[in-house]
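Heads up, the thing below is written out as C-alpha cells.
Going by the order they are written in, the chains are A, B, C, D and E; count residues from 1 in each one.
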C-alpha cells in the first residue's frame, strides 16, 4: 500500500527532461514579477503608511481609502478590472496601436506588476502604519527638539525606527507577494505555476510538477528569508534580550 | 445597452445565482473564521517554540514556517485531501475496513490554518521582539511567570505590534479561502467565476464579487477599529 | 555667581521670553499664565513639586507642547502661532520653528536617546543631518564632548546597554553637540552620582561663562542656589516665587516656597 | 539610627546573602566577586560612580541578571542555579524563583511601569495575579499606598501621561503593594523634588522599623548616611569600602571612597 | 453502486456549465447521461476543479473524468480513455480584414491566443515557434483580447468559438482556413483508472449505442449547427 501511494504520489519525473526550458522560463518570469513588484511596492507602502498616520485630512483619507479597497477586494478581481477593464479602454484611443507604448499597454505582464505593486502598497502600508505608531514618542520628540522635521525626521529617525519594528514581518509579506504572482497566468503571463499547470494537464500527472513548483518557491523563500535575517540581525544588536 | 446589462445581471441573480452567492458567502465566512483561529493557535505555539524552545525545536519551527509559507496551498490541499485519502483507503483496506472519506471542508480548514500559522508565528515573534524589555523585567521581578506573565503583560503589550499583521492575515484568509474550490466547495470567488463562466457576464459578476468582499472587510473593519482604539488607549497620540 | 548680571542684562534684548503661557491637558490646567525672561548667559532654575508643570513649561519653550495661549520669543523672534480648532493653537511657520529649534539644546527627563543609533551616532545625528556639519568634524567634536562627560569608552554602544547615568550623560553630550544658544535641561543630574553631578554642573557653569543661556529644571537645591542667577518656584501652574537665589532661598515671600526650599533632616 | 543593629543581627540568619558574585556582559566584567549580607531590618545603601555595577548587583539579587558565578540566598534558601553553556549559569528551579521573587519588591531605575495599565492597575497587578489576593482588598490597599505617595488623584491615568516624579511614585507604590520582605530600590528618589524625597525616605524608614530589609542604590549621600545602617561603596566591580555609615563617610580606608563621599562645593 | 462522472468545475459552455439553480447542464452532461443509460450504469454527475481532477480519479473520489479531455499519448500513459465521444475541428479566427499565411514556421511576430493546456496550445507552439503565443486560463479571456485588439489570432475548438462569433463582440472576426493537422484527430474521451476495465467496456458500449440509436445526433442538434462527432468504426 505504501509503495502504491508513493508511486502514485511521485507519479514520475520523466517529464522534466522534456519541459525544463519551460520551467526555467516560468521561474524567471516569476522572479521578475516579484522583483518589480517589490521594487515599486515597498516605496509605495512607505508612502501609504505615512499617509495613514498623516494629520492632513485629505492625505489620510486618500491613503485610508486606498488601503481599504486594496485589502478589501480579491487580488484576482483587481487584476481583472485592471486588465480587462482599464486595459480594454486603450485600444479605443486612435493610433495607439501604432505607438511605441502599445506593446506595454497590451501586455498582461505590466498589469500583473501594477496589481501586485498596489497590493504590496496596501498590505505592507498597513503594517507600516502600526510600526510608525509604535515608535516611542519621546524619541520623536527628541528629534523634533533638535530641529528634525518633515522629511528629515522621517528619514533619519521615524522610518528607520519603524522599519526595525516591522523587520520580522517583511519576509512573510515578501513571500506572500511571491505566491501572488501565480495569478499571472490569468492574463496570459506564464509564470512558474502557469507553466507547471500546462505540463500537468498535458501529461495528466498531478503531484510531481507541483513539487517542482514547491521547490522553486522554497528556493526563493530561503533566499528571501536569508536576506531579511541579515537585516533582522542588524536590528537585534540594538536591543537587549528579554 | 448598459441598462440592459444591469437588468440582465439582476435577472441572473434572481434566477438563482443570488442564492449561490449566499451559500458561497457562508462557506467563505465559516472557512475563514475556522482557518484563522486554527492559524492563530498554531502560530502562537510555533512563535513560542521559536522564542523559547530548545535549539532543535527552533530549527523545526523555522523549517515549518519556511516550508508552509513557500509551498503553494493548492499542493498542500491536493496532498492532504487526495493523497491522504488514497493512503487512508489503502490503510483501511489493509486492515479490512471500507473506505472512510476525508471531509474536504476540514481538510481545507487545516491547510489554511497551517499556512496562516506559519505567517502568524513570524508576526507574533516579531511583536515579542519589539516589546519594551523593562516592563517584562518588572513583571518577572514581581514573581510573574509562565501563563500569567503572558496573559497579563506580554500579550497586551505585544498586541499593538502584532495587530496590523494579524488583520492583514484576516483580510487575506478571506480571499485565500477560495482554495476550498479544489475539494468541491464553492465559496465566493469560485461562485463568481462559475457564474461568470456560465453566463458570460464576466465583468458584472467579478465586480459583484469584489463588492461583497469589500462589504465583508468593511464589516470586519468596524471591529478592527474598535479593538485598535482600545489597544491604543494607553499611548499618547503623536504630536 | 554674579547676581547683579540679571540687572545688567535688563537693557539687552532677552534671549528667551515666555509671556503668559497657559497650557491644559484636557480639563487639567497645568500652566496658568507663566512668564519667564532670560538674557544671554542667564541660568534660570525651575523648581517646584512633582507635577507642578516644570517639564511642561520647558517643553512649551521649544514648542514640543503647544501652549493654549501666550507668546514665545527666542532671540528677538516671536514664534508665530495661529489659532487652531478647539481653542488651541498651531505653529504657523514650520520653517521658522525648525530654524529656532536647531539652536535649542534639550536634555529630556527620560533621556529619549534614539534606540537605533549608538552613543556616537546619537551625538552627531543632529549636527550632521540638521545643521549640515561635516561628518568628520562632527565626530571629532562628539569625541571631545563624550570625553567631557566621561563616556568616550561607550561611544559605540547602543542605548539599551547603558546604565542610567550613562544614558543621561549621552543625552547631555547630544544636546551640547549642536552648540546651542540656549540649553533646556530637564533634571540633568537625576541619574548621576555626586561626583558626576559635580562634573555636569561644572559643564553648565562653563557654558554659562561662555554666554550661553540656560533653563534648568532641577531638584538639586544646592545647584539652584549656587549656579543659577534666577530661580522660579512653580506651584500648581503658577509662579509662586521668583528672583535671585539669595532671595528665593533666603527670604521668600511665600510660605509655601519657604517650606519647599528649607533643607529637611532625612 | 541604631548602628549597633548590624552587630546584634549577626547571630540571626541573614535575609539576603550574596556570595562572591561575578557578572560579565560579553568581555566587560561588571562585577568581580561582590558579597553582601543583610539581616532583618537592615537598610543597605549601595553607592558608587555611574557604571560601577550598582544596578547590576541589585538585578542579580532577584536573578533578573544571572550571575556568572556566586551564590544567592534569600531567607534561608539558596536560589538553585545550574551550569549552562558558555561558562554561564541558569536557574534550576523556576518555581522556587517565582516564589522568592514574589516577596521581593523592586523599584527600577527607569520605573518600568506597565504602559497598558493605569496607575491603580499597576499597583494591584502583582497582588491579585501573582499572590492571589482578593481584588477589592487589593484596591483598598493600593488606595492607601497611593495616598501615601501622594498619587491618589492620578490613579486612573496611564503611565505615559504622568510626570517623571509621578511615575517614580507609582513605581514605589507598586513595589510596596506586594508587602515585600525585602525591598530593592534602584535610585528611588532620582526624579523627586526635595519635599518628596523626604516623604519617600520616611516611607523607607518606616519600612525598616517594621523589620523590612532593604537594599537601596542611591546617589543621595545624605540618605545613605542617615537612613542606612550599612553602606557599600562599589568601585569598578569590587566593594572598595563598606561598613557602618559613620565609618564609610567619616573615616574610610580608601582614598577613592573618601573623595567620592566628600561633599563638593558646586 | 453509482458511478461518479465528473465534469470540470470551471464552466465550459456549451459543453458543461452551471445553471443558476446549481445544476450542471450542456452537451457533455446530456451525453454522459445518455451514455450511462445506454451502458446500463447508474451515474451521478459531479464537478471537480481541474486542478484536482486526476488526483480525484486516482483516490477514487470520482470514477470517470468527463471534462472535454483530449486523448493524447502523454495522458494515455497515466490514465485510460474511453473511445472518443466528440471531436470538433480546430479553427483560427481573426479580424475580418486580416490575411495570413499558415505555412508551418510562418506567422512570425503575430500574436496568437490559445487556452492553457489545450491541444491547440500545444499545436501552435510546435507549428509556429516564431509567433508570439499567449495562453489564457479561459477561452473567453482569449476571445476578449482578440476583440480588444491585443491579439492577432485565436486558435481554438470550433464549438467554443461559435458562440463568440455569433455574439456582439465577435462581429469583428471570422474563421480563417488553415491546413488541418492529424494532431487534432485524437478526439475527446472519458478518463478512467487503468484498472477499471469493466467500466471502460460499459462506457464504450454506451457511446457506440447512442451513435447507433441516433440519440447522439439529437443531442448534437440541441447544441450545435454542425457535426461534432465521428461515429466509431
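The rule we apply is simple: a contact is a pair of C-beta atoms (placed from the backbone, for glycine too) under 8 Å apart; a residue touches a chain by one contact, two chains touch by 3 or more.
If you're wondering where the values come from, they're calculated on a predicted model, not measured in any experiment.
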Third chains touching both chain E and chain D: B
Contact-richer chain pair (by C-beta pairs counted) among A-C and A-B: A-B
Reference chain A; chain at largest CA-centroid distance: D
Cα-centroid distance, chain A relative to chain B, in whole angstrom: 18
Centroid spacing, where centroids are CA-atom means, of chain A and chain E in whole angstrom: 35
Chain centre separation (chain B, chain C; CA means) in Å: 52
Averaged-CA centre spacing for the pair chain D and chain B, given as whole angstrom: 47
Junction residues of chain D - those touching two or more other chains: 110, 160-161
Where chain A touches two or more other chains, by residue: 8, 84, 137, 141, 144, 164, 206-207, 239-240
Where chain E touches two or more other chains at once, by residue number: 51, 55, 58, 144
Residue ranges of chain B in contact with chain E within the complex: 12, 15-17, 19-20, 74, 77-78, 81-83, 85-86, 89, 99, 181-184, 186, 190, 193-195, 197-198, 200, 202
Touch list for chain A against partner chain C, complex: 136, 138-139, 141-150, 152, 156-157, 160-161, 164, 235, 237-240
Residue ranges of chain D touching chain B (in the complex, touch as defined): 62, 64, 94, 97-106, 108, 110-117, 125-126, 129-131, 158-161, 174, 178
Residue ranges of chain D touching chain C (in the complex, touch as defined): 25, 47-51, 55, 109-110, 161, 163-166, 169, 186-187, 190-198, 201, 219-223, 226-227, 259-261, 263-266
Chain A residues within the chain E interface of the complex: 8, 11, 84, 87-88, 91, 97, 106, 108, 185-188, 190, 194, 197-198, 200-207
